[in-house]
Amino acid sequence: MRFDEAYSGNVFIKSKQNYEEAQAVIYGMPMDWTVSYRPGSRFGPQRIREVSIGLEEYSPYLDRELDDVNYFDAGDIPLPFGNASKSLDLIAGFIRQLMQDGKIPVGMGGEHLVSWPVMKTVADNYKDLAIIHMDAHTDLRVEYEGEPLSHSTPIRKIAEYIGPKNVYSFGIRSGMKEEFDWAKENGMHISKFEVLEPLKEVLPTLEGRPVYVTIDIDVLDPAHAPGTGTVDCGGITSRELLASIHAIASSGVNVVGFDLVEVAPIYDSSEQTANTASKLLREMILGWVK
Amino acid sequence: MRFDEAYSGNVFIKSKQNYEEAQAVIYGMPMDWTVSYRPGSRFGPQRIREVSIGLEEYSPYLDRELDDVNYFDAGDIPLPFGNASKSLDLIAGFIRQLMQDGKIPVGMGGEHLVSWPVMKTVADNYKDLAIIHMDAHTDLRVEYEGEPLSHSTPIRKIAEYIGPKNVYSFGIRSGMKEEFDWAKENGMHISKFEVLEPLKEVLPTLEGRPVYVTIDIDVLDPAHAPGTGTVDCGGITSRELLASIHAIASSGVNVVGFDLVEVAPIYDSSEQTANTASKLLREMILGWVK
Amino acid sequence: MRFDEAYSGNVFIKSKQNYEEAQAVIYGMPMDWTVSYRPGSRFGPQRIREVSIGLEEYSPYLDRELDDVNYFDAGDIPLPFGNASKSLDLIAGFIRQLMQDGKIPVGMGGEHLVSWPVMKTVADNYKDLAIIHMDAHTDLRVEYEGEPLSHSTPIRKIAEYIGPKNVYSFGIRSGMKEEFDWAKENGMHISKFEVLEPLKEVLPTLEGRPVYVTIDIDVLDPAHAPGTGTVDCGGITSRELLASIHAIASSGVNVVGFDLVEVAPIYDSSEQTANTASKLLREMILGWVK
Amino acid sequence: MRFDEAYSGNVFIKSKQNYEEAQAVIYGMPMDWTVSYRPGSRFGPQRIREVSIGLEEYSPYLDRELDDVNYFDAGDIPLPFGNASKSLDLIAGFIRQLMQDGKIPVGMGGEHLVSWPVMKTVADNYKDLAIIHMDAHTDLRVEYEGEPLSHSTPIRKIAEYIGPKNVYSFGIRSGMKEEFDWAKENGMHISKFEVLEPLKEVLPTLEGRPVYVTIDIDVLDPAHAPGTGTVDCGGITSRELLASIHAIASSGVNVVGFDLVEVAPIYDSSEQTANTASKLLREMILGWVK
Amino acid sequence: MRFDEAYSGNVFIKSKQNYEEAQAVIYGMPMDWTVSYRPGSRFGPQRIREVSIGLEEYSPYLDRELDDVNYFDAGDIPLPFGNASKSLDLIAGFIRQLMQDGKIPVGMGGEHLVSWPVMKTVADNYKDLAIIHMDAHTDLRVEYEGEPLSHSTPIRKIAEYIGPKNVYSFGIRSGMKEEFDWAKENGMHISKFEVLEPLKEVLPTLEGRPVYVTIDIDVLDPAHAPGTGTVDCGGITSRELLASIHAIASSGVNVVGFDLVEVAPIYDSSEQTANTASKLLREMILGWVK
Amino acid sequence: MRFDEAYSGNVFIKSKQNYEEAQAVIYGMPMDWTVSYRPGSRFGPQRIREVSIGLEEYSPYLDRELDDVNYFDAGDIPLPFGNASKSLDLIAGFIRQLMQDGKIPVGMGGEHLVSWPVMKTVADNYKDLAIIHMDAHTDLRVEYEGEPLSHSTPIRKIAEYIGPKNVYSFGIRSGMKEEFDWAKENGMHISKFEVLEPLKEVLPTLEGRPVYVTIDIDVLDPAHAPGTGTVDCGGITSRELLASIHAIASSGVNVVGFDLVEVAPIYDSSEQTANTASKLLREMILGWVK
């Protein structure tokens, strides 16, 4: 006596009704309490689901339909407002469960810090894990004004956890000099400004490896994603980001988890960014969940 | 393996999980295709749910908590875009089911025309039904530019169905001369401009009768509800509308169904109207579902 | 071969097609170049026309229909950007023509300074003219930072032209001490904060006299008119303003011209203010053009 | 005694005052009642006219001025709200008149379904007509959830009417698998993702033929046209669309009619999309009306 | 070689240039990291300053000018993002300095939790301190979902610190049943829904006592203050709030500090709320700093 | 006793505290009274400062930090509303002072006309001055509807003052035929549509010369800068503009002053344009102040 949820906007469009049989599990991480500039990404996951009903179910890029993939949308993880530490623990706990159940985690942020407990937990399960990171920002800070739990730190944390050589950042156009220096000194890959071309060079070297992909929506130029906390001009187009997703899809890497973060509806007056995020997720699901 | 929905924004806050045991059933009617001016109310129900998580669960007006009422949110009725006739049939079918199961229907619009099949079906079940209607507009047209299915007609339809003497309109400040004349000639009650004071006079005369209450959010002044298709200044305050809801709650009428319609999020830049609708629904549920 | 304009939004709804036979002439004055704070009222007249198609043609307040009045919408007077002096001359020239042709001028602003040449020209034609002025602001400055052509000066100019004793301001809640002092010393009427009650006391004293009414939309509280340059809280409701219009309609004064100014669409995200202005104009036309 | 309309925003800038002598006739089709997602395009034509006054009259791309073309803006065709069938009949009737009078129809939408009666009527007059269609979407559905009159069907309808081989779609990035398959199986041209390069290849094959061009504004990336109902990332730039218009202008095809549809002002907070539509129309008029 | 700041929008209008001679000190507390619903109040203080340049310097309510008061705007206290505990310490430290220097603190929020360290520090200096609290919300929670530092707790904290009998809340229309019960059981004053009338009854009982006044902008109805995190309909008008400020001004209480919190510009599309806050502050300064 | 302003948003981020030692001086010119279309740029400079606190202080493009440059933000020049002539005089006076003190002027507009007195005064100090101008518009009008002080005239004025051969315009896509003709006939450089490639060709010819660079933000496509008065599609990307700034930085020209004008926050709902302007200024300061 509940109307079918597949097109309700309560779940990502065409989400299957059953966790047990799902290959991939979608979940939201509605946290934005450590951001240094404009908050609001806590409402990102829900808005992405809501606009997903406007999507076509078929991808003319990949010639595949959403019906061909078995995914389940678990909803938003309930997180305690203002308590970053406890929030990260709750996220980690949820991901551990997914790992035990053999699911591919598909996360929606929320601020980028939420990716840290996810990447860490996935790394605990895939020993040779590599990270592909697309972002305007390095996110390599040790702390932000004394605070080690900040949305500018997740890539530093995972780089130190799995080794900087296993982390590949693309599209970076903002950061402190110290961050760029640290990356260079520690053998971490950073492609400044560009995503698609350097990615195409990196992918063959990652063939066969388990890879977690984390995409900060602000890797897009503000023209393509105004609805995010920290807009930074000079970014890539949605077309380049789509092509990058497709490049990963047709490469030999094994995507074992991924997320899309930092969508903030309050700065997105035409819902353009949420719609873009929704289409990007469709392509990631169709391209990466095999 | 699905996070608790009670605070998810996917259902009206604290909706119980079980249809069978519910006394009242909430549902959305996402239709706006007959409006003559500004469309967008199709997105009203979903936004009201979304913001309902910001509500306190306790009413200091009624000294009652949402936990004290057993209601189930069934989601939005899937309606075919642009086909008013078929949409109304689907709504009527759903309400017939609720009537059979002995549920109190709690509807969220959508344009006001959606109330017509609901009121008709409820009237089929409660032979002495009266309608309390709060609105800026008479909604008494026979048709709009030749079209009998229009958001300016539902009160005329139900008045002709159950007899104009059983329909009581309040807060009306807009309509054609012909509509006001028809009401007067046929003994239908219309209180112009005011709601609370005339309502207090009418309620004792309805004591003991089954009553369906239909509230068009535009009965509020645009200051209190900018997020609707047809704003019309000179309306009542949210305070007067709350007091009117409480007046019905403490009267001797038997509310057997109710709805709140015409919330259009796209004109509601601060989400003020959706938040107001959400609080009004809380008070209606706490005051009228006994 | 041009579609009927009466409902096109290009003219105020139901504008007749003929200047010659019209009793009243509507015109826009799209000027905002002297404002000290937020510009944008140059787009007010056009937006008011555009939303006027959402109006009912009948007033349940006055029991009269737009068809009963013969008015013509002449469009916006073309004014030279940034040149206040020349703009005022052009406005004055147009009003002189209306006076010669025996028309009632119905102006839409634009900033309040546009009322000055209108009032002056009307005063030249009606020797015993009185001004009724509703506004949040005194508008009694001699100049603004050295500039005698400023939107804070029109009431001072007309008060000096026809004598301060013939000017009646209502709803005033903002101004310099010097302005309030000047009014008091010179016998000009200022009702602070309130409109309806003091107006009811003044109207009998004006019986039989020709009156020009100038309404600055910011006399309304920002809740009722957010779309204006200088919002100032503590104002009146749209209900009080409607009642004030009706009080003038049922008094014995002879309204020989009127305007509504300072609507600025860019600050009016839900078009609430433009819709309100449009309804106010309907009531002014129905109540005052006899 | 009516101010010159050429710069009033009531007509497209510099519209001539005379239908009889006009070579091209501009008209709006304010209909959006069959859209499946976000309504609002009914207000598109009026907003495009309004912002057209910000245009320069000269094109540095084409070295031609608006004064060099004789076009007349007839206003918006009055359409009955919510009645798609009757609306399409009214549009067809108007176009028949234009055909009889030898005018080039220049339409502004409104949802894309409005192009169907236009294209059909033009096809009745130009026996060898070809269609050039630029859009994010195939618009090749037979029906949408059972409804044959839907904004996702116009290209299918015209393709079946004049034969799929005479229809050329460009920029398509969204549709059902069945739609792409139908096009392929029936010899209809679809260029996925790109417009300019494939268009340059197609144009020589159309030399000398009468061509109707229909442009859905959502062929642009949402960065370039946020103000439309169905935004879909990965689209083309306004620069590519301008160049495509110019490519048609300098080709040997004979443009006998054209339209620009799906501009929805409510999602266009900076009026960027309406301004873009207005410039595109200027270039189409200057480039195609010879 | 720096332009005069008095009208720059960088400081509250007409702020004097010298801390030492100032009687009152204005400061911002740009913190919003514990809010449970919509963040954004961190940008409130700066926006209030920015729009303050639109204020008249004279109050026709109080017949006093800003030049008559010596106040200094110290800017925003730099607070560490996401760290509530440290932020509160920094605020307390700043207020201790003000107390030592004999200044009247005039705070701008930021979320309501920022008032807690201010009230505590002021209470340490004025042994018989009473609190006047205007708010839609009780703010009497012990914690929010386990978190004792939450914007729903400041009044509970100060009530326990100085004794519930010394705290007077007005306008309250939202809270948990437990909060209302705790207040009643502990002799704390709560006026539900109304502010002005109950305040007038309370003020004589506080005559001669030092009083700290904390105003949450959401005590206003959303019609009057849409730009705040938690809008709650059924509130008071700006006119009632102005009258309440004036009632305190003309009473015999000794205002030793005050604040205005929870202004969130991102939900304030017309800047109406920031403008209202700015005028309220002017009236508080003119009425309370003697 | 005033909090450090470097990160306050009251000054451009990291502005030094001392005029005397500064090499460059930032100042705002909050004037928009001559614009022919949409006003609002008077609020540009303040908003750019406000969002500048979201900037990283390091440029990964130029490998340089803001700490490496000594610049002072003097605030906004107080300009008299509506009086263009006097405003320009005040700007000229300020620039003369900067010239005497050997400072590099770094201006923020305001409408483009403000650049005229700046360029003239700089030209008086650097006898061989060249102008690099990036804009969507020629700005070569002699007057606008009879008004010689218009935002469409500054480049004409400086071209006539220093000789058209010393002026180089890039990115131009809008203007009257007469303007393009005048440029061609008088040997002034105009690159239509493109900026980076033609600039790279011009720069070597300017080696060693003093150059003033004036950038109208509308040279960017509306996708990249919706927040400006006159949006005009078909523009360049922010990436091309950044690269153009860097091309000047690495060329042999001697930048002796520069400005960025026409940012209008009211049309910039996500603050995307202000953020872009802020980053562009950082790159100009880091690249050009040596």
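Labels A, B, C, D, E and F are assigned to the chains in the order they are written; within every chain, residues are numbered from 1.
As a convention for this text, a residue touches a chain if its C-beta (ideal position, glycine included) is under 8 Å from a C-beta of that chain, and two chains touch if they have at least 3 such contacts.
Just so we're clear, the structure is a prediction, and the values are computed from it rather than from any experiment.
Under the contact definition, chain A and chain E share the contacting chains B, F. Note on connectivity: the fewest steps through touching chains from chain B to chain F is 2.
Comparing mean CA positions across the assembly, the chain most remote from chain C is A.
Contact count check for C-F and C-D (C-beta pairs in contact): higher for C-F. The rotation that brings the Cα trace of chain D onto that of chain E spans 180°, given to the nearest 5.
Interface matching across B-E, C-F or A-E places the copy of C-E, with more than half of contact pairs shared by residue number, at B-E. Here the spacing of chain D and chain F, counted between their Cα centres, is 38 Å. For this pair, chain A with chain B, the centres built from the Cα atoms lie 41 Å apart. Residue positions of chain A touching 2 or more other chains: 36, 38, 221, 223-224, 267, 269. Shown here, the protein chains touch in an arrangement that is not a line, ring, star or fully connected set. Those chain pairs judged to touch are A-B, A-D, A-E, A-F, B-C, B-D, B-E, C-D, C-E, C-F, D-F, E-F.
Across the complex, chain F is touched by residues 1-5, 7-10, 19-20, 46, 50, 72, 74-78 of chain E. The touching residues of chain A, counted against chain F in their complex, run 36-38, 172-177, 180, 192-193, 221-224, 226-227, 230-235, 267-269. Within the complex formed with chain C, the residues of chain F that make contact are 32-36, 38-40, 42, 80-84, 86, 144-147, 149-150, 266-267. Against chain E, in their complex, chain B makes its touches with residues 53-54, 56-58, 60-61, 63, 65, 221, 223-224, 237-239, 242, 269-272, 275-276, 279-280.
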